Structures are given as structure tokens and as C-alpha cells.
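There are two complexes below, and they share chain A, which is joined by chain B in the first and by chain C in the second.
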Partner chain A sequence: MGEDEAIAKSSEDQNDDGVSESKAVPVEDKESINDENVEKFLDSMDDYLILVDSLSSILRQGWLELASARHSMGASRISASSYDMKYHSAATTLQLQHETASSDVGQPHFVLRKWESSDSPKKDPSDSPTRDPCEAKLEEDKWVQSVSSGLRIRTKGTSESSESREKKAENTGSPLSVDGHAQKERLKALSMFGALAPPKLRAAQLSFETALETLADIANVRASLLRAYEQVQKEMESPIQ
Partner chain B sequence: MAGRAPVRTMNSAFIAMIADEDTITGFLLAGVGNVDLRRKTNYLIVDSKTTVKQIEEAFKDFTTREDVAVVLISQYIANMIRFLVDSYNKPIPAILEIPSKDYPYDPAHDSVLSRVRYLFSAESVASDRR
Partner chain C sequence: MYGFEALTFNIHSGYLEAIVRGHRSGLLTAADYNNLCQCETLDDIKMHLSATEYGPYLQNEPSPLHTTTIVEKCTLKLVDEYKHMLSQATEPLSTFLQYITYGHMIDNVVLIVTGTLHERDVHELLEKCHPLGMFDSIATLAVAQNMRELYRLVLVDTPLAPYFSECITSEDLDDMNIEIMRNTLYKAYLEDFYDFCQKLGGATAEIMSDLLAFEADRRAVNITINSIGTELTRDDRRKLYSNFGLLYPYGHEELAVCEDIDQVRGVMEKYPPYQTIFAKLSYGESQMLDKAFYEEEVKRLCLAFEQQFHYGVFFAYMRLREQEIRNLMWISECVAQNQKSRVHDSVVFIF
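Up next, the complex of A and B:
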């Protein structure tokens, strides 16, 4: 009993010392909403800084791999002069969605779409494996495993491998063919620098792909950070009753 | 809300880049390079010979294009056109400042963080709440 009284007294003392407190219920609700927005803002800020830090390390890894590839291939082969300047559209693009939350104006939501070209068959958005970059990565890993087992089978005979690949395609559905397409697009991008790409160049390609995924996340967190900031600012400017 | 342009939906929007050669090479390997029929690219390679005016023009061009969702700009390049980057306040395309090989990321210069920084100054937070 004595402890409860002490706890109640200490919490009262804290209330007196802390930020403006009132006994009226509406102001407390308003305060809790304020706090919620401030928390959202701080969370977004934290996410943003963590993502930027991870982007820095991924990019650093990519640059190192690029430098390593340049060392093996020669500096002149990996430079701006090797860029493909013929007409081509980007294989990796962003899908911009309108996120309608409780507020009237929606927040932009970026989704990375990797390795899609105008030649790829138009699929239903629900089938698109690149809607969620994490899912795409998982499916890619599965595809890589299936391909490696397919390659082993291929040494026995081409007819067997085509059958097994067809069976796998039936079982897994679209991911196999779409990720096969992704591999083709990757090779096309690599071929910009010559027919035989060293492993470091492929590794650099994967690092920069990961960097793109992180950048899509950063863009989303940035949008939520700016939104939370606007809400906090709006509350600060409105008169506190 | 009055005065705010609605966010449009884009299905395959490009990622524009204003960065040094290595960064652009890396991202082109990842497949973001686009060359249109007029041989206009969605990137600008900045080297020692690039002028501030060229960077400004590229920035203005990328931020006014309808098909660009994100503009990646190396932070040291953004510092050269800081007034343009900081005064930019449209939601789309989003301007993301990225580090470069020679200039690591500095949160003090990030346009997003500097915009929200005043919320952390003791003066603004304490005076409103007392």
C-alpha cells in the first residue's frame, strides 16, 4: 500500500516536472497524438540513417569490385566509352504507387522493378515477382538452385534437361521464366563491357542491384519522414489550448 | 490539402543519375540506363571538366521530366548546386543524395535532414511546450 502511494506520488512529481500537463481529457488526447507523430518522425529518421549507412557500405563494396574488375580487364574497357549509346529502355525501373492512408493526399510509395524490358511479356501485377524486392531475391535464389541442378542434368543429355526444365517451369510457374529473363538482361548489361565478364564485374553488378533495392527503401522512408515532419510541424504551429 | 499537388501513379519510371563515372557505371550494370530516340540519357557523368551550369541544367531537366521518379545525386555534386537542391520541394521525383568514392556521406549536408533539423534545436521544442 505504502509502495503504491509512493509510486503514485513519484509519477505525479514527474508530471509536474515534465512537459505541460493538464487534467482536462481532450488536451491529454491531443498530447498523445502529438507524441505518436513525434515517435513516427523519430522512427523514420532512425530508419533513414540506418538505410543510408547500409547503402554506403554496399556502394563501397560495389566500387571495390568494380576497381578489381577494372584491374583485371584494363582501365579502358570499363569506362564511359563502353556505354551502350544505342536506343534502349531501362531494364530496371521504379513503379510509383499512391499510398492513400488516413489523410487526403497519399504518400508516394516506390517499388523497384528489376530486369524488365519491353520485350518481356506483360504480366498481371499480382504475378509480378519483382513487386517485393525481398521476394524477388528469394525466388532468384530458388531459381539459381534449380538452374544449378538443371546444369548437372544437362551433362547427361539435352532431352532430359529440357524435360526437367519444363517440369520445373510447371511446378514453379512464372518465377523460373521471369528470373531466366532477368539473367538474360543481366548478361546483356554485362556484355556492354565485353563478351567475357570477370567474376568481379558480376559481383559488382549484384552489389549495385542491392544498392538499388536499398535506394527504393530509402525513397519510401524519406517520404514517410517528410510526411511525419509536416504533421509534427502542423501540430506545433496550431495553438495549444 | 490545398496547394499540394497529388502524387501521380507511374508504372515504369526511370531513375535519373548525376554522379561520377564509377557510380554511373555500376548503376548502368544494374540496368537503370535509358537512352531514348533522341539519344538523351537519364544520367549525367560529372568529372573535373563538368561545369556547375551543366549540372544545374541536368538537375532541372531531370526534375521536370514526367518519366523520372527518383534522381540520384552524389552528395559532393549536390553541394555544388545546394541552393537548387534545398529549394526543391516536390514529392516526385524524389532527390536522393548518395555518397561517392572520394566523399563519404555527411548527414550535416543532406537536404532532407537539414530540412528537419530545426526540430532538434532545444529552443524550438521547449518554447512551444511550456
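Up next, the complex of A and C:
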């Protein structure tokens, strides 16, 4: 009965004032919102802990595979003195975006762009000799973004945009060409240790690549975890009407 | 004539054969490896090694130890033993002992050239070079821009000069060219070493032919597997295989066209000595191939000591010590990374 009185009072307030009272939410709805936020927080916490554990095991595996590669190739071939000190652009970058979905205004979102290269995609100059270089760069960026989004792991709140981008990736570049480009860039990165990289070194590279992806996911999950925690704390501090 | 080495071998090389057999008895035993595999920290490893012949080389190293320090100090022991034998050797044993180090010389040359291409400091690179492969003018490698200059400025006065005939070009050095240069030099070196051993004749020729043929075949398999997915063409791949060995020439023709590990397995299983190696691997797997090859190599190297009055024991001892150092490196890495359950993935027991 108490709940019905609350609902009746809220409707009377609305009728008298002619303005809907946004704060006058039914109690049962408010409790369900509270539960939803708490569930979101606990889900995020669970995802976060699973990802951290996964990162730890992937890194352990990666370091052991690297030691195994040093064991077969020799310690002098795989060491810090093999790093390429010439200026070159980063093969992988991290982009920070802010979510603009209704419920997650301002939440940061990290996107990993893997295996970008200033040499890719190779454009034949004879195709469009008069093309504006800025336009070519924009198209290249779009292509690279479609490639990277195809590789990016989906997160909550971006499912629709990811699906549309994945369709674009399928239209612009088949998965085979995406894999081929990524594989070429991987071997190019490994060439500092020798152009003929053994399987153990390639496996170590894959492990660290997976670890990078996991790190980006951890950052995203942590952002949503903190967001959910803020929501829950806000609700705990505001009085129930 | 083969079989009469007992009459003359000891005149010039008897002392050194006794020395190398004494060194062989100092190799780590199964009990030593068991103790090392149970260590919790690198200091424990140092403590266990202090009771072995490596003790004097590690005792002054301060804590905390690093795995590279253990490997460096153990390598120094090998270098000291080698230098002692080389200083006592007469021809042709001295030439034979020098041949053993040319592989390390090639690795050092490639290390310096690659590091210079990557704009590294020469002094930093020189510290990483293998001590057995050092020569006087090695630091001047940094000034060369292409292979022709490399040869003309530096390598013409080194033992590697004869091996450069196939790879002198004016092309600028890049990662793929350097890798092709490395493998071309190593191919020429192995063939030259093989011819030298054949000229020595007798038990040395017989035993070393088997060991070098195995090395050539293993190289062919590794080049094939490592070049899968790279820009190396089939013709270039074929040119890197040596002109001797069990796989020469028909196995090489088949390996040159392989595109994955299963095709390589299909080729190698036609040869009975390598059938047992590939039988240990599951389909599609290549991670344990190195260990399988090392085990086979150790078996053949140990057999070299069963016969007397030949130079193969020197080659076998050097290779067994290098395998032992690889074992110590792997055990140290597993202990340092707290992954002792994986120790037996790569340790090859000797004797």
C-alpha cells in the first residue's frame, strides 16, 4: 500500500505542477536501478580480475617463449643490442576515445591499432597520379581503421558500431588480406633479430601481442568498473524518495 | 692409411687428446643437473656450480646474478680451455681447431653489421660478440656500407675471405641481405671444413663427415622452417643449402618447395635417421624440434669419444660444452622466471 501511495503522490505532483518530477521515481524502479548498477559493478570487477589473471599467464608464457628462442638462436642474437635505433613509426598505437552513448557519457574507451605501417597499404602511383596526398592519407587511415577495428575486441556499448565497421572491413579488405598484412608486419618487426625468424620467436611475438590486446581490454573494463562504482556510490549517497 | 693412426697420432697430438678426454670427464652429470633443476634462485645455481669446474669463474660474481652473467662466465671457461689447446697444437690439428671457431666468427661479423645498420654503438656490439669468434679488425666492420666494402676493407685479411666469393655484391645491406649473407658464409664454411676433414683422411674424415653432414642437414631444415611465410624465394632458399649431407641433392629439392611444417615432416620422414626425430613431434608442432635435433647431435658427439686417435674428439668436446652452457642458460631462465616445471622442455642430458 505504501508503494501505491508513493506512486499516487508522484502522479498528483505531476498533475498539479504540470511538470513531471524527474526525481519522483517509483521505489521499486529505483531499487531495480540500484541492483542493475551493483550488478554492473560486480560484473566489471569479475571481468577485470579474469583479464588480470589472463594477462599474467600470457606474459609468463611470452617470457618463457622468448627465453626458448634465445636458447636456440643464441643469446647474442636476441638481446637489447639488436633493437633498431633508427627512427621509425610505431607499429602499434593506442587511441583514446570518449563514449557518447546515453548511459556512459564521458567514459574513456581505448582502441588498439595494431600493425600500422607508413608503407601500408602500398598505392600504385600510376593509378591516381593527381590524387591529393591528404585525401590519400585519409583513405589510408580509413582502411587502417577498418583493419584495426576488425582486429579489435568488442566491448560493451560499441556493439553496433563494431558490427558496422566489421562489415566495412569485409567489404574493403577480405580477412585473408588483413591477416596477410598483419603477418607481413609481424615478420618485419621481427627482422631486427634476423630475417629468418624461428617458430619460437614468432610464438613469443604472438604472446606479447595478445598481452597488448588484453591490456587495452583491462583499461576499458577498468574504466567501466570505475564508472559503475561512481554510479553505485552516488545512489548510496542520495536519499530514497 | 686408415687404421694405422695408433702408430703416429700420439707423437704430435697424444697430449692434447688426453687433455680433451680429461675435460670431457668434467662435463656435468645427471646428478648435477638434478641438483640444478631443484634450485630456487640463481644464487643457489651459483652455489651448486661452485662445486664443479665452473666454480672459479663464478665465485667472484656479486649478487644479484643475471642469467647472461652465468652464461658469459661459463663461456669464458670454454674459451680458456680452447686457447690452451690451440697454443699446444701443431699442424694440422691447429688448423682443425681454428676451423671450429669460424662459425662464431661469422656470427660476430653479422652481429656487428646488423647492429651498425640499426645505428647501435660499436662498443656495445663488441661486448656481445662471442669470444671464440673475435679477430683483430672486427671493429672496423662498422664502416662498411655494402658487402663489397665489407670484403675489401676488413674480411679480405681474415679466414672468412674465401667464403665471400658467392656473396660479393654492391647491394646495400638490409636485414634480408644480411641473413642471406650469414647463411651463404656458413654454407661455404661447412663445405670447406668438410673438404679439409676429407683431406685429413682416416678416422677423422669418417667421424667428422658424419657430424658435419648432420649439421648441414639440420641447417637445411631450420632454414626451410624459418623461411616459411617470408620473402625468401624458393631459388634463394635452395642456394642456402649445403652441397653435402644425407639430404643432398634430392631432399633439398623437396625441402625447397615446402610451405609448412607438415610438408617438411613428409620430406624428412623418408630418411630413416630423421624419422626418429620427427616421430617425437606431433603434427603441426615445431617447438620441440630443436630439442629433438640437439638430442640426436649429443648422441653422435658422444659416440665420437668411443674411438681414439682422431681429431673428432676436439670438435665433439667443444660442441658438448656449448650444449652444456645452453642447458645452464635454460635452467637459469626457468629458475629466474619461476617456471621450473618447464625445465625439461629444453635440457639435453649429456652421457
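Keep in mind that, in the parts below, the second predicted complex is superposed on the first by the 152 of 241 C-alpha atoms of A that agree within 3 Å, B and C clash if a C-alpha of one lies under 4 Å from a C-alpha of the other, contacts with A are read in each partner's own complex, and residues count from 1 in each chain.
Following the convention adopted for this analysis, contacts are C-beta pairs under 8 Å (C-beta built on N, C-alpha and C of every residue); 3 or more make two chains touch, one makes a residue touch a chain.
All figures in this text were calculated on a predicted structure; none of them were measured in a lab.
In the three-chain model built by superposing on chain A, chain B and chain C fit together without any clash.
When the shared chain is aligned, chain C comes close enough to touch A:191, but chain B does not. By the touch criterion defined above, A:63 reaches both chain B and chain C.
With both structures placed on the common chain, the touch criterion links A:71 to chain C but leaves chain B unconnected.
Once the two complexes are laid over each other on the shared chain, residue contacts for A:86 go to chain B and to chain C alike.
Contact comparison for chain A: of chain B and chain C, B touches the greater number of residues.
The superposed three-chain arrangement places the nearest Cα atoms of chain B and chain C 5 Å from each other. The contact surfaces that chain B and chain C form on chain A in the two complexes overlap at residues 63, 67, 79, 83-86, 192. The touching residues of chain A, counted against chain B in their complex, run 19-20, 41, 45, 48-49, 52-53, 55-56, 59, 62-63, 66-67, 78-80, 83-98, 103-108, 110, 113-116, 185-186, 189-190, 192, 201, 204-205, 207-209, 211-212, 215, 218-219, 222-223, 225-226, 229, 232-233, 236, 240. Note for the complex: chain C touches chain A at residues 68, 71, 107, 111, 114-115, 118-120, 124-125, 128-130, 175-176, 178-180, 182-183, 222-223, 225-227, 229-232, 261, 286-287, 290, 326, 329-330, 333-334, 337, 339, 342, 345-346. Interface residues of chain B, counted against chain A in their complex, comprise 1, 4, 6-15, 21-37, 39, 41-42, 45, 69-70, 72, 91-92, 94, 96, 98-99, 101, 104-105, 107, 110, 112-113, 115-116, 119, 124, 128-130.
By the touch criterion stated above, chain A contacts chain C in their complex at residues 60, 63-64, 67-68, 70-72, 74-77, 79, 81-86, 183, 187, 191-192, 194-200, 203.
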